[in-house]
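Take a look at the structures listed below.
Next come two complexes, and both contain chain A; in the first it sits with chain B, in the second with chain C.
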Partner chain A sequence: MLRFVAWRLAGLVPVLGIVLVATFLATYALPGDPVLVMLSDHSSNVEMANRLRAEYGLDQPLWKQFFNYIAGVAVGDFGMSYRYVRIPVVEVLSDGIKISPILALAALAAAASIGVGAGILAAIKRNSGIDTAIILILVAGLSIPNFAFATFFVYLFSIKLGALPVAGWGRIDQAILPVAILAIPSAAYIARLTRTFMLEVLGQDYIRTARAKGLAERVVIARHALRNILVPLLTSMGIIFGGLISGTFVVETIFNIPGLGRLAIDSVFARDYPVAMAIVMLFTAFFVLINLAVDVAYAIIDPRIRQRMGVK
Partner chain B sequence: MTAATQTTRYPIDGWRLVLRRLARQRNVLIGGAIVLFVVFVAVIGPSLMMHSPEETDLFNPWSPPTAQNPLGTDKLGRDILSRLVYGARVSLLVAGAVLAITLTVAAILGMIAGYMGGRIDAFLMRFVDIMLAFPEVVIAILIASMIGSGVLTVIISLALVWWPGVTRLTRSFVLVIREELYIDAAIVAGTPTWAIFLRHLLPNIAAPLLVRASVGVGFIVMAEATLSFLGLGIQEPVPSWGGMIRDGLPALRTDPYLAIFGSLALGITIIGFNLLGDGLRDALDPKLQGR
Partner chain C sequence: MRVLAKAFAGFLMLAAVATAADAKTLRINVTGDPAMLDPITYSELVAGRVLRNVYEGFTDFTPDGKIVNVLAESWTALPGEHGFRFNLRKNVKFHSGRAFTAKDVKYTLEQLAAPDTKAGIGAGYVARIVGIEDVKSGKTKELSGVKIVDDHTIEIRFTKPDVLFPIYPIWFMDSGIVADKGADWVRTVSAGTGPFKFKEWRRGAFVEIDANKEYWGNKAKIDGVRFLVIPNGDTALAQYEAGELDVLDVQESTIRRVMRDASKEKERQVVPRAQSRFLAMNPQVYAPFKDKRVREAISLTINRDGMIRGFYDNAAFQLHGITTPGVAGYFNDLPKPKYDPEAAKKLLAEAGFPGGRGLPPIDISSTAVFKDELTYYANELNRTLGMQVNVNVVERATFIRAMNAGEVAFFPWGWTSGYPDAMYYLEQMWHSKSPYNRGRWFNAKYDALIDEATATVDDAKRFQLYRQAEMVYIDDVGAAPLPMVASIALVKPNVTGARATPFGFDRFVFAEIK
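Entry: the complex of A and B
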């Protein structure tokens, strides 16, 4: 097992290496002088420009800058922001890093419960009106982008009904629309997977055995069937998290939520590349680690997988 | 067996079988109709419009639907209908470009991985596993920081996100074909590897690959719209559905037409592509028959 984890961890090195080089190139090796961006209207002040250049390490040769960058990232130091001059990137990120995970986890919880519930319902009532209705909603949920959903939801709930705030963050009622809209695509995806797996599992012999024993249908579904669809659902967590990460950028932008996603977009436009690249690194590391965790969990749950992956 | 039944060419005629299966699928018909309509609009539509999509009229901003502007105007007085119609063309062009790049890269890498096997295969697939489902916005931010926002950023980002899945698909097709006798025969006859790739593998994977890859067009259209919505994609004054919705959202309270018509066009188009794609996959994948 340890060897398996080590092997998987080793596989991440090239990916993180590529991201490291790419983010460095995007931050430091661009045409144009970041010091001029920082100085804006004081660009003729040579002394100040030189002092800033030295503080940001921009006067050193490129290879040395790259070395400093890697050494910094290794200890969680992403340098200083260009937009907020001389403020460490870590400090710029400190607010957003508390918001985006909450948003994503709340959406994941909502998506998982609604998705699994709807998927099971559709599978049990296969080919009925309920099944068809759920499938139609799924197609819409998977096809309509979340900002298009946001248009309709904000128009209906915030403007026509006046029930929910249009934007902001901090109160419960401000969280309802963003979490719902972030959750929709994931919920639809989970529901579709659940329905497919459930239909497969319900045709298995052990389900017939459980029913033949005279177990209540509720117990058959909850104890025997549900448990067996959790494993294939787990393997899809990487895709689900990928969708949630992309979604936070959109939802935070729409609802004016000061999370990491909106900060990243704002930073690109403000040419604050150190901040944008730090967020790219964070999301990449997070995404890659989630996939690693899924792999490991999968191998723990299902010994056959371990064998297929060549782990002794 | 009589002579009469022998001359009747029965099920093995591939295309007729496929067409018959497709016609039985309601989803394919609905999705196909939507896709055909969108393609028609993208090709013919712009030349039928009364207004140019970039023609501004500062005396007529945020107009509600009128005879002059059937779907109203945006903040610069530009005709929403013209912009929607032109936006369809932009969307499809980007999707086509992404698909072309992805298919080329994936066909080459997938054939190499599937045919060569061994370490090359293991390395490529490990990379594919990690890159799969990588959030496209994160890549787009990286690319946009390097070359700025724009069409090129969208195409590069989406191609980077899409190639892993299609490569894996190609590889799985190649793994099956590699076992065929005619490949063995080619090897024995001394055919060089590149010729095996070009003459024996490629023709046999091309059709299924194209069909399966087309399933993803809806998601490419969605991803392009997302990037344009965030401002990383198509830039003003070129119309894009994502950009139109972004411009329309802040005005939703007073002038909802831009955001709502943009969202409808985008949503219906992607639903069409997804219905068609899912239906095609179901009809052409014998493993799914009878499910």
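Entry: the complex of A and C
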């Protein structure tokens, strides 16, 4: 098991390397010279432009800039922010990094519990009124974009009812709406998957055997059916989590949460490339780590996979 | 479970403490974090919003553009020389408790010139002081043109006349701060004399300033100001509506909603921004613009009243020439630009281009925020004058570089004033020697009037020179004036003294929460 984890962690290095090269070249190719952005109205001031270029190492050839950047990243130095005077990128990120993962994980937990519950309920009550109602809600959850939900929820809960704050971060009540909005599409997706898998499993011979043994329906569902759909469900969790991460860009902007998603958007607009690049790297690492966690979870749930991995 | 309950109770207490502390703290939105919070590197809008309440200069100005003396009690021109002698206010203390003296003035000016400080806007204001080049090049740290006479008297000499020096927003800082708190002082304290002092900056969330209890002047009536970082305009409006903001600086995306909402009329403040807007016609790039009749025809084709209603929902005002209201040297009786398509057609025909025939095609360019306007001009000029105009939207920094280099033929743009005197616009925008004369309209008579004005200390005399220069610009159609966009603010009924001005918000020292 440890060897497996170590191997996968080593795999992180080439993935991050490729992302690093790609983002570095992409920011270089984007229109908008960062020095001109910093100078703004004073871009005809050659003396100032040269000074800034030298200060940020932008006067060196591209390959050298890239090498310097890699050398810095290797020791955890992502350079200086272009936008904030004399503030290192690591410091700009330090607050957001405590927020976005929590937001995404909370939404994942909410989405998984609601989604799996609704999916099982719909499968058990197949073709009933409850099933139809759940499917209707699922379709709405999947097809209505989350910014539309957000606007509606804010209007209803914050402005009309005054029950929840409109925006911000730091108190529990400020987290309710953003987590809910972020969770909705994922919850709907998980519920749909659960319902489909569940229906398939419920038709299997071993379920019939379990029922024939005289086991209570609760035990049949929880121990025999649910456990068998966990592996395909977990597979999709990695993808779902990717969706949640990109969802934070929208939700953090709407609810004004100072996380990495909002910061990423702000820094792209402000041409603060070092910050934007660092966020892309962070999200990549995060995404890879979550997928690793999913793989490890397989092994815990399914003894067959554990065996294939050579884990005892 | 008990742990959870304890944690929850803790949260509630925190929330309660926060509410109690916020009771008299004014909450207002800003679009982003400030890029810096010190008066030397200061170079952008959000930082200016905060710093204006924390630091002070020789003078300040009222919402209608009147100059008031702040750290300078008085000043006199040095006889026979370019320069001033300033008498500084006594019994003024910095936030550190140290006394404000002439030494701090000299220190601030030297910091603005020093090669390693990355000085921002302020660097432009010290450019004419004697000895500035030696400090900039690192040859010396001492600014030879600044002479400390005694603790409260200082003389400043210039290489060229600089009659507006006393009103430049140069914010003085505590010369002892680095020795006391280290080079990183700005993270923990402020080094000004203003009615508020730095309290906390939580990046991405807010900047908070506290009332300065030791302030030398009339003290603030509120406990502090919290500038909440809210990049999204719709979110900011929703927060205002839900009572999470006391003052809303209305953003572009919500202007329409705010202007059309009759229920907000009492809370709404609409003032023209100190930004001079124009449609530039560069004769060096597009030869037909050398003919005044072509420029005038284009100006006559623009329906400004229609634009103010259609584009801006009445949140805009007619600009007659160059200078905007709320700026000293503004005259409200200059002739208003006319809308007359028939006269425009006639003029273009007289210039040798009847129905636009013979005019080479031209791009009208600007940044994405001008997109709708560009389309309007292109359509209108094509329909009325038969000109072939293509719309070209360019990335901002690239576009500014091209304008500065004089490469852009035809573009709408604005120039925001840094201090409330018309000289800012008149000299920087259209003097032939200015690096910011982006339309490349050159007029010798205009130059001569402005040169004379820069050496005229007497306000009334100088304003008459401004007026003559502005008339030259209007008569020669240096560019086509465009409507001034408004700053719009919403202020809750229980807040008084928070005023939107052409230069952003007035100092919050006058604000009160009932």
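Quick note on the criterion: the second predicted complex is superposed on the first by the 241 of 312 C-alpha atoms of A that agree within 3 Å, B and C clash if a C-alpha of one lies under 4 Å from a C-alpha of the other, contacts with A are read in each partner's own complex, and residues count from 1 in each chain.
Quick note on the criterion: contacts are C-beta pairs under 8 Å (C-beta built on N, C-alpha and C of every residue); 3 or more make two chains touch, one makes a residue touch a chain.
The model shown is predicted, which means the values in this text are computed figures rather than measured ones.
Once chain A of one complex is fitted onto chain A of the other, the partner contacts of A:33 are limited to chain C, with no touch recorded for chain B. Look at A:263: by the touch rule set out above, it reaches chain C but stays clear of chain B.
Judged by the touch definition given at the top, the superposed model places A:253 against both chain B and chain C.
In the superposed pair of complexes, A:92 makes contact with chain C only, with no contact to chain B. Contacts of A:68 after superposition: neither chain B nor chain C is touched. Once the two complexes are laid over each other on the shared chain, residue contacts for A:44 go to chain C alone; chain B is not touched. Judged by the touch definition given at the top, the superposed model places A:159 against both chain B and chain C. In the superposition on the C-alpha atoms of chain A, the part of chain A touched by chain B in one complex and by chain C in the other spans residues 151, 154-155, 159, 166, 253-254, 265.
By the touch criterion stated above, chain A contacts chain B in their complex at residues 11-12, 14-15, 22-23, 25-27, 30, 139-140, 142-145, 147-152, 154-155, 159, 166, 199, 238-239, 242-243, 245-246, 249-250, 253-254, 261, 264-265, 268-269, 273, 276-277, 279-280, 283-284, 287-288, 291.
Of all the residues in chain A, the ones that touch chain C in their complex are 31-33, 36-37, 39-41, 43-45, 83-86, 92, 95-96, 151, 154-155, 158-159, 162, 165-172, 253-256, 258-259, 262-263, 265-266, 270-271. The touching residues of chain B, when paired with chain A in their complex, are 126-127, 129-138, 141-142, 144-146, 149, 218, 222, 225-226, 229-232, 242, 245-246, 248-249, 252-253, 256, 259-260, 262-264, 266-267, 270-271, 273-275, 291.
Residues 8, 11, 14-15, 32-33, 35-36, 41, 118, 202-205, 228-232, 234-235, 238-239, 241-242, 244, 395-398, 400-401, 404-405, 435-436 of chain C touch chain A in their complex.
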